Amino acid sequence: MNHLSSETFGENAKAALADSHLRGALKNATSLFGERRKAAAASLPNWEDLRSEARAIKDDVLSHLDRYLEEFVGNAESRGAKIHWARDAAEANSIICDLAAESNARIVVKSKSMTTEETHLNAALEAAGMQVVETDLGEYIIQLADEPPSHIIAPAIHKTRGQIAELFNAELGMPLTDDVARLTSTARATLRDRFAAADVGISGVNFAIAETGTIVIVENEGNIRLTTSLPRIHIAVMGIEKVLPRFADLDVFLKLLPRSGTGQRLTTYQSYITGTKRQAGDEGPEELHIVLLDNGRSRMLAHPVTRQSLACIRCGACLNACPVYQQVGGHAYGSVYPGPIGAVITPQLMGIEKSAQLPYASSLCGACREVCPVKIDIPRLLLHLRAEIAPRKGKLSERLAFKMWAQVMMRPSLYKMGAVVGRIVQRFVPVAKAWTNGRDLRPIESKSFHELWSDE
Amino acid sequence: MNNTAREDILGSIRSHLATSAPYDKQEVSRGFARMNADQNPSSSVEICGQFKESLEAVDGHCVIVQGDEGIAGALTQIIRGGRVAISDNPDVERLLHLTDLEIDELGIAPDAHDIFRFDVGISSVQAAIAETGTLVLDSTRERHRFVSLVPPVHIAIVRASQIYRTLGEVLTLIRKDKEISPAVTFITGPSRTADIELTLAIGVHGPQELYVIVDEVN
Amino acid sequence: MSGENYKIGNRQSAIGNFMKVSLFVTCLVDQLWTSVGVSSVEVLRRVGCEVEFDKRQTCCAQPAFNTGYLDEARPVARRFIEIFEESKADAIVSPSGSCTAMVHHYPQLFAGDPEWLPRAQAIAAKTYELSSFLVRVLKVEDVGASWQGRLTWHDACHGLRDLNLKTEPRTLIRNVRGAEFVELEHADACCGFGGTFSVKYPEISVAILDQKIDAIERAGVQAVVSGDASCLMQIGGRLSRKRSKVKVMHLAELLSHR
């Protein structure tokens, strides 16, 4: 798989801007998503109250995350679930591969889970000799195309139907058609027997209820229900931040998540899974394993500004609202989590070494904060991360430039001189090609406002 | 098992929360208040009608009938023979036999291997939600986990007395159980996706068609 | 917002009222767009304010703050606070939403600093963007301006989302005699400037900008107005590169027009 790296975000973005198929697909997707979200939010007169309530619940959980996690684990275990703690991606993958191997699994069906994309689970399972089948249509498409997801909830949204038609034709021998209903029913038919044959089903988790030990998973396609009902073993993978305190809290989040994500009042299916079956003959898996993943999340608890990153319910609304994402799409970010939320959690999860560009990939417009159902102040987070990155990783020329800038701004005499120098420089030097490549530059005034005021 | 990992993670959570404490004090309170966010005004809209409207808005089919005769009549309209799988609720079998349908095969709660060959699945439900057109299925009270999922057509039989107005009420109902059921499923319409260019396609992995027969007199 | 609680006495009609305003002109306007500063002074005087200008002012420190250089931003911010603390004016008024928003962020910059936090809060509480000051504080909606033609408004992001400026500029524009106001499609979409973003990621900046330019062209206007000179530089720079006839105009310039 040719993953783009977040280290080369700038280059990735330029390439994306030159891809007219991609730009067309993005324009279509983000504007439709945006309109639907807006209409769905408007249909609830208490939308703002719900956002505040959801954020209050998340703040409570995150401030007491150890306690709520332990409560969840205790309740889930008492109902027969096996809990596995994974400090990082490697540990999570190893746990899951061991579970699959212990049960002599050959075929693993998966429903969409960004957490498993984060850990690159599929590669680990395949290396261990397992056949991994992605069953969510968008995930299935990108699996066929050998690409990473480009959106948190619609992984293949960067592809036009024509591109998908060609893909299905090449990989599945399906006659070329871009009729969406026919493409979908081909996927249904092709994947059907995988569900029946699978030994292990792997899913993500949208919410984990501490009070009852219940995991809640939402979807539209039905592949999550199949993945979590048919195979003998169900492995659910969740970030430690997915906990909610009470079952009743779902009322708030089930109102916010579908509307924010797709503009739906409710997704077609919600599965509420609490432990294992009561009797041997009951329908459903024999074993339920829940993998709790840290992978850098606990570190984010160390400051109130970064802690709110963990409130994210993975709706994708910020992606659709972001002017940068709208232009370049998800792959350019080089991360499983793109867009505004990706720009703040990727550096925190993966470290700033490779992802230092991401917090700067923003005009700080704040559209993301406006649409976030849990009121994450992403611009504030971006600034917080920039303040960590600039002094350590900023280019030397930039750091020096700002030190000089401060000196000039502290001294009116230097400031005035700076203007004079600027006027001269601008006449002889093509200033800031980065600006002038696309835009005309306004010339420095021959007299500053300071000087005009003196004349009065 | 991996107790070290558990202690490491919980320890990491605690120590990082402790680090945050002085900064938490500096944060100007934003006043995210907990409140009873949802006070649904009681609606005078008739509950069966509201359920039907909500379900049809998400491409489900809904027919409102009176009593067992009505249900049988609706089944006759919907089913065109074939192989029919039903849940283990004896009511469902009884209602099916009230019809004169000729079906090729009847399976009662077939298992995971057999379920795939059936054309239609019929079940009852444990509750329903009017404001969203949702069916609530509890797999410990009825064997319908596969019946409601695998065959391309799902027919659900709902009695009016099972319909609640809001999602919140049903969540409360589920939570009432001292030991919450291991597998509860909410179903709102037939399966769908918009993964290709955000264009809606009905019928993906779950049923392609959902019919709900509502008995408004019981 | 922080300014709302500041008491400045009764406000009725504009003319005849005496209020003292200290102008925070911003380094951008000072160097690159002086007519915005001149127009702001003219409008404020026209509605009865006495305007003073402290020539020691330079910058609010937004460029350093936004790029992550807090150690460089803080001394510049402290200097701003010190200078304006000395003013006896009732309010500090600026023709820039983003610079005003920066001053409102000073408490964040000095969080946990027992000496500077209260001083930052006090200055932030009396700093206003021009249209907000006119409409919310002075309760003035008509400044006696006139301008012939079709125009539209671009909501600058900081003004819109940090300062909640949406109706105030529109109210003022609608009272400009002779001006035909057209609501821009996606008026609240970012223009793509974003400070250093515009030169760190210029291609993305221009791609975002072109959405705004398309909307402006579709609106069929003679001018696009905004409350932030930075947005106008971005939009104007592209319009002129594309040889468009559409002009950019700052709200202050429009309001001072007769």
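Going by the order they are written in, the chains are A, B and C; count residues from 1 in each one.
Note that contacts are C-beta pairs under 8 Å (C-beta built on N, C-alpha and C of every residue); 3 or more make two chains touch, one makes a residue touch a chain.
Predicted, not measured: the structure shown is a model, and the values here were computed from it.
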Farthest chain relative to subunit C (centres taken as mean CA coordinates): B
Chain pair showing more contacts of the two, A-C and A-B: A-B
Intercentroid distance (Cα basis), subunit C paired with subunit B, Å: 52
Centroid distance [mean C-alpha coordinates] between subunit C and subunit A, Å: 34
Centroid spacing, where centroids are CA-atom means, of subunit A and subunit B in whole angstrom: 28
Per-residue multi-chain contacts in subunit C, two or more chains: none
Sequence positions of subunit B contacting 2 or more other chains: 23, 27
Of subunit B, residues touching subunit A in the complex: 1-2, 5-6, 8-10, 12-14, 16-17, 19-20, 23-24, 27, 31-35, 37-38, 58, 109, 111-113, 116, 132, 134, 139-140, 143, 145-146, 149-150, 167-168, 171-172, 174-175, 179-199, 201-207
Touching residues (chain side subunit A, partner subunit C) in the complex: 10, 13-14, 17, 323-324, 326-328, 360-367, 369-370, 380, 383, 385-391, 394, 398-399, 402-403, 405-406, 408-410, 412, 415, 419, 422, 432, 434-435, 437-445, 447-450, 452-454
Subunit B contact footprint on subunit A (complex, rising order): 25, 28-29, 32-33, 46, 49-50, 52-53, 55-57, 59-60, 63, 65-66, 69-70, 79, 84-87, 91, 95, 135-138, 141, 154-157, 159-161, 164, 180-181, 183-185, 187-188, 191-192, 195-196, 212, 214, 220-223, 225-226, 229-230, 240, 247-248, 250-252, 254-255, 262, 265-278, 282-284, 292, 294, 298-305, 307, 375
Contact footprint of subunit A on subunit C as seen in their complex: 25, 27, 29-34, 37-38, 53, 55-56, 58-59, 61, 63-73, 75-76, 79, 108, 157-158, 160-162, 188-190, 192-209, 211, 233-234, 236-238, 240-241
